[in-house]
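Below: one structure, written as structure tokens.
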Amino acid sequence: MLAIVTGRHPDRLQAVAAEIAQGGGRAVALAGDLSVASEVERLAVAVRAFGSLRAAIFNAGQSIWGSLLEISPQQFEEAWRTSAYGGFLFARAAVPALLEAGGGSLLISGATASIRGRGPFVAFAAAKAALRSLAQSTAREFGPRGVHVVHVIIDGGIDGERLRTGAPARVAAAGEDGLLHPDAIAETYWQLHQQQRSAWTHELDLRPFKEAF
Amino acid sequence: MLAIVTGRHPDRLQAVAAEIAQGGGRAVALAGDLSVASEVERLAVAVRAFGSLRAAIFNAGQSIWGSLLEISPQQFEEAWRTSAYGGFLFARAAVPALLEAGGGSLLISGATASIRGRGPFVAFAAAKAALRSLAQSTAREFGPRGVHVVHVIIDGGIDGERLRTGAPARVAAAGEDGLLHPDAIAETYWQLHQQQRSAWTHELDLRPFKEAF
Amino acid sequence: MLAIVTGRHPDRLQAVAAEIAQGGGRAVALAGDLSVASEVERLAVAVRAFGSLRAAIFNAGQSIWGSLLEISPQQFEEAWRTSAYGGFLFARAAVPALLEAGGGSLLISGATASIRGRGPFVAFAAAKAALRSLAQSTAREFGPRGVHVVHVIIDGGIDGERLRTGAPARVAAAGEDGLLHPDAIAETYWQLHQQQRSAWTHELDLRPFKEAF
Amino acid sequence: MLAIVTGRHPDRLQAVAAEIAQGGGRAVALAGDLSVASEVERLAVAVRAFGSLRAAIFNAGQSIWGSLLEISPQQFEEAWRTSAYGGFLFARAAVPALLEAGGGSLLISGATASIRGRGPFVAFAAAKAALRSLAQSTAREFGPRGVHVVHVIIDGGIDGERLRTGAPARVAAAGEDGLLHPDAIAETYWQLHQQQRSAWTHELDLRPFKEAF
């Protein structure tokens, strides 16, 4: 098994690939921008050269905060381009590869905002709602052909570099296990990938035990 | 009361304005493309010149059919640009005018696809889901300031020129009252606009009595 | 048009009937317990004697507060018996009468709890969720036969005797139009009853403009 | 680890316990009726005698088919008593035991009908909707205290004795992996039980890959 890691920042990708290698896994870093059609096509070709695709995970998202009257049309578009349009390009590239491989998983990360729009998240929520709809359409069409599409609603803060650097007070307030551990998220993604096809999940939520919802 | 009718096709707008005038109403036709920021800004200025805005209705939508593997990235984007981005530009222009007027209504037309993604509607549904999220964010933020945002899920075919010309067999199969009459839709929009603010509706469905759901 | 008012407390019914009469309407008070099958059957016979049924409105509900570990099985059952079982008996009596009349409306009052369960509302919410499901099943089956079933989610406090007596502080905090006016609710129910059958609503929410949701 | 199996039919329980034992596990069969408060209390005492409760799974349900005008009030009540009231009694007994044990899982089986009411399922759907609401209330209250409440929407037929005996044509039509395998369901329940508390799932669906939804 080989993990191919992609994103816009080569140095971060290398770090992730190195971490996987340290843990005994095999990983390759391929830089690219998932919101640009030609880039996604280039990545798809590169990925196929490594063998059969078994699972594809879409995590891209851009947090654009600001209410309807604060953000610009460009920002509204940018949020969509990263999460929704990027998701479309990704699914459009991954699904044929998964069909060729005889089936596989397409795991898509959503957020609270995917199912709930609120003032300051107007752009992010609209983009995530579009992505969720895309996941649903894709599941309905390609599930019967062996592509397991899952939409995971991550409802809470993730205990990672972004929050630890950008919102240390929030991290402190969350307390023990009050933010989602990346390993715990990954474990569920892994289990979803391994579900036997007579009992597939299409949508589930993941949140810290103490998160109000 | 004056109705301002907008859209990309001046001749159609004139026809609608003429129909309103024939019915004893007053209407003005202002052509413009709701998916272009500068056009929406121009329209907003023109609308204000006529007086205080009481209600704004967003109906724009483009039916792009085709599954994930059939449509192009351009088509996916076009669907979004018309329904979701257009809705953003429209809300962004209408809300300040409604706030200035001391409150008013922003009525947004959704569709079955707003809450249900399916293969051939992947682009349309993703765009409509984004629009629905936008309506929700806007309602949550501006409701307490007097802007009544409603999202109407139109779940069925509309008995209008598009279906009568494009899908006569569907019209025939629907039978009496099997398609939504535009007048019946309009009547509900009117009632929503008149709701007293202690009991506002944010979301409702509208479907023919015989429509399966 | 004649309004038939029912409930367990004859004096309150008389007061409502008297209020309708004062407003120029015609009303009859028929006492009965909607959670007892034989009572509902007796009421149904009495109602038919007055003529054709055009609309039936189900408002019964019992507010039982207390968390899972605080309430008794009897309380959990009582909440269900009033809201859900009562709704079943009511629909089972009203639908045949509406079918005989050639169609009509069955309007069912829900609450925030109908779509959201929370600790202290465990019993009430479970009962209201069951009632909502009943409304949906009934709409799907009898809509095509001319029975317009609507489920109204009342999301906020109602500005009535119960709150004014029992929670004056909440009434004061709500401010102007911060609680739903019964007249405003009634107006929407009336409009729903009058919807032309090509564009029926099955579900909508009603909340004060300033209510957070 | 010891599995305690309960239900109304001692012979079936013994068979299940024997099957677990044959697979190398340890199981005890305790007969009881989950829709009777005194029986559930008796079972709760018996279970505690075996040690600390780690997970409790509620599967009870009674399939009562028939539309609003076909079923009796007794049948409507019976459906509720088995699924919803039984679920309440079960949760009310299990939660204190799980709290005492320092936390654990309460897994509740739902069905398509939990989120969608339809004519012939009016009683079953109303009961399952109530159970889902109960699961939600319980999760919101006891999640922060370490009780992981999950509601699993089983959307499809289960490949078990009931369908094989009662609906062989449906089993044949479903084809390979067209019905949910009990082992696949169990595997997901097991994974849910093992989720690390920083990333808990409250609700998910499970359906055969080829099931339309």
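Chains: A, B, C and D, in written order; residue numbering restarts at 1 for each.
Everything below uses one rule, namely that a residue touches a chain if its C-beta (ideal position, glycine included) is under 8 Å from a C-beta of that chain, and two chains touch if they have at least 3 such contacts.
Just so we're clear, the structure is a prediction, and the values are computed from it rather than from any experiment.
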> Quick one: which chains contact chain B and chain C both?
Replying inline: none
> Where centres are the averaged C-alpha coordinates, which chain has the largest centre distance to chain A?
Replying inline: C
>> Over half shared numbers or under half: where do the identical copies chain A and chain B land at their interface, same or different?
In response: same
>> Just the number, please: Cα centre separation of chain C and chain D in whole Å.
In response: 31
> Measuring from the mean C-alpha position of chain A to the mean C-alpha position of chain C, what distance in angstrom results?
Replying inline: 43
> What parts of chain D, by residue number, touch at least two of the other chains?
Replying inline: 140
>> If we count contacts the way the header does, which residues on chain C are in touch with chain B in the complex?
In response: 140, 143-144, 146, 148, 159, 177-181, 183-185, 187-188, 191, 195-213
>> Per the contact definition, I'd like the list of chain A residues that touch chain B in the complex.
In response: 37, 67-69, 73, 76-77, 80, 84-85, 88-89, 91-92, 95-96, 113, 116-119, 121-123, 125-138, 140-142
